[in-house]
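One chain, chain A, links the two complexes that follow: it is found with chain B in the first and with chain C in the second.
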Partner chain A sequence: MVKDIIRNMRKDFRVEFREKSALQIAFSFAFIATLSVGLVMGGASTGARERSIILWLIMFFSAMSGLAHAFVREEEKGTALLLRLTSSPSAVFTAKLLFNLAFFLALQFLITLLFVFFVEGDVASPFPFALTILSGGTALASASTILSAMAARAGVRGALFPVMSLPITLPVLFAATGATAEAMERPGLAPGGDIIFLLAFSGAIIAVSYLVFEYIWIDE
Partner chain B sequence: MEQACILSIDKDGEAAARTTPFSRRPYPEKTMDDNKGPAQNSIIIEGASITHRFGTRTIFTGVSIVAFPGGPAAITGPNGSGKSTLLEILAGLRRPTDGSVMMRIQGEPHTASLERFVGFASPRLRLYEELTALETLDFIAQNRLSRERGRELIGRFGLEDRAHSRVGAFSTGMMQRLKLIAAALNDPPILLLDEPCSNLDEDGRRLVFEYLASVKDRKAIVIATNDPGEADFCEGRASLG
Partner chain C sequence: MKHIARLLHIAMPAAIIMAFLYAPTAEVHGAPGRLLFFHVPMAWISALAFLTAGLLSMAHLAGRGRFLDSTARHSAEAGLAFTFLATASGSVWSKLSWGSYWNWDPRQTSIVFLMLIYIAYFSLDSALRGKTNRGRIASAYLILAMAVMPFFVFLFPRFLGMSLHPQSGTLETDPATRITLLVSIAAHTLLYLHILSLRNRTHRLEQNIRNIAR
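Up next is the complex of A and B:
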């Protein structure tokens, strides 16, 4: 199983880095969106809550543009059949989940750096802020992975993905924006309940994903 | 070995066996439950009363099949009769609407996933265009022995000069050779091949038939085809539709 996962991840990284276009589009989107927001705001004074909402909206749409790709590409290019033939469903799902986590955490790193530089210079509690970004990103990536598998199999793909994702990821966005706003404005803040909620959400969604993935993955 | 495959079709409740006797031996009266003899010592794949529908359209009903080593078997039938679908169901790539697929090892039922036991090639199967031929085989290989076998098969199927080329730059014929190598890579006891010679030149066809002839006594081979050459190579034949 572990060998299977490593084999699949190696293949995913190779294919994605050689194909380049999907990675470039996702990183370009994140860069342009953050930069545009920074320029449009032009140093205007806004509250922590508003800045936090803007940050997580950029994150959400970056996730929508980048995370669906892992499964959609397999269906569009017809390679899903080869994956079904060579790997167990749980190995395929784990490899895609880990790939999406690595990819989205890199994307978040870029967005957060740009956001702090262009929009919000000061973060009062950096440690809870970083933890919120990481746990929120994990929750978004976990939910997006199983939803992208469903969207890819449904055939509507690109258009369907954000529509399917919004109701599931709404609690993540609520919790993440609240925790991020607090971390931005309150110094000496200890990591709180929102971070625990985001981690618990990730755990629950991953557990459910393992239960349902085989039914999504194998053709009827 | 007596035969490679028994296929019976029961369409709309009427038993309608459309099998052709094997060239060497007459087709025996035998059911899946009566599957005793030398083949019990190897891996057998059984599909029982398989029915498949796409939406409201019924593709086939009540198909039963048993495949074991001894001689390749062909499934023929007109376009849309469900040959490829049946092969995908046998390979565990598709769930049948009704019926079941089971593997027996040494006569004992084995319900785990089939991927380690089945080699599969089909026109629907696509390879990663961004990987080289060797990287593709390394991805499919289950162990070091399979990786070494990949190097040997790539030479045997005439692709050694293109081993480090990306699959996206391959012609359809070269792609087909690579698919067949991929199917044989892990030395699976069951080979399910959908039109194995499609897009191949004469040399490619010869290589395929040579390979299949060399393994037919130790592998259960089922070929879905309408190609007379492929069907003639098989020792048993059954028709869908």
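Up next is the complex of A and C:
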């Protein structure tokens, strides 16, 4: 099982870095979206709450543009069938989840840096801020992985993935925007319940994902 | 099924007659206050249909019977219709009680959240039409949505403040109002079950016609 997971992850990274187009598009989207928002705002003074909402909306749509790819690629290239024959559903899901987590955390790093630089996002409590970004990113990536598997099986491109994802990830956006706003404006803040909430959400989604993934992945 | 239809034919007219003729006029809202007897049951059916669809989806994935996935879909269809009606009637009630159509009340927002889930579910379901895994994938989505529900229950009061809706046990109503409300809830539950059984029947007929045409 562990060997299968490592082998699948290595394959995913190798394919992504060989083809580069999906990675390039996802990073370009994150870069252009963050910069465009910064330019449109034009240095206008906004409250921490508004800034955190904008930050998490950029993160959500960046996740939507980049995280569906792992499963969609397998279906489009016809490699999904081979993957079903050679690896167990749990191994496939774990590899895709870890790949998406690594990919999205890298994407978040870029977005956060650009956002703090261009939108003048002063961060009063950097440690809770970083923890919120990490735990919120984990929650978004966890939910997006299982939802992207469903969207890929549906074989529809376009708006289906965000339409399915938004209701499921709303608790993440609610909690993360609140915690980010607090970390931005309150100095000396200790990491709080929102981070535990986001981690609990990730745990619950991952647990349910393992239970249902087999039914999504294997044909009747 | 026949019993449900018979009971519905008694309970629904009784609920309507009781709401307009038996229950006393509300002191604050007057006659428009009778909306309560329809809004509360509609909100109840929205949640019941969602729960039923989720449980049927679980049973479908556990391989407990045929047609469970389509019954879950039919329950979600009824749920979506009742969610729209509950939101619309709730907005009118909100305007009467609190002065505006929308107040970001946790319960108002929960119903809209349910509506979003239903809409997303039907988008996925329609994208899966004709695929062999349609029932399984759509069921998996409903189960995932059910797992997210408790997080909203925890979040909404925190971010949106306490509900303007009366909490259970704090509403002082006279017995006639209470009985009318209970009858109306029972009548709407029967209506939901009746719609569900009719949809199941038409679905099976459609399947049979399709099989014969093949």
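Keep this in mind: the second predicted complex is superposed on the first by the 217 of 220 C-alpha atoms of A that agree within 3 Å, B and C clash if a C-alpha of one lies under 4 Å from a C-alpha of the other, contacts with A are read in each partner's own complex, and residues count from 1 in each chain.
Here is the rule we use: a residue touches a chain if its C-beta (ideal position, glycine included) is under 8 Å from a C-beta of that chain, and two chains touch if they have at least 3 such contacts.
Model, not experiment: these values are computed from the prediction.
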Touched partner set for A:G42, first chain B, second chain C, both or neither: neither
First, second, both or neither for A:R18, with chain B first and chain C second: first
Chain B versus chain C, judged by how many residues of chain A each one touches: C
Touched partner set for A:G188, first chain B, second chain C, both or neither: neither
Contacts on chain A seen with chain B and repeated with chain C across the two complexes: 219-220
Of all residues in chain A, those that touch chain C in their complex: 146-147, 150-151, 153-156, 160, 163-164, 166-168, 170-171, 174-175, 178, 197, 200-201, 204-205, 208-209, 211-213, 215-216, 219-220
Chain A-facing residues of chain C, complex: 61, 113, 116-117, 119-120, 123-124, 127-128, 131-133, 136-137, 139-141, 143-145, 147-148, 151-152, 154-155, 159
Interfacial residue positions of chain A with respect to chain B in the complex: 7, 10-11, 14-15, 18-19, 77-79, 81-82, 84-88, 218-220
Residue ranges of chain B touching chain A (in the complex, touch as defined): 88, 91-95, 97, 113, 115, 118, 120, 122, 124-131, 135, 139-140, 182
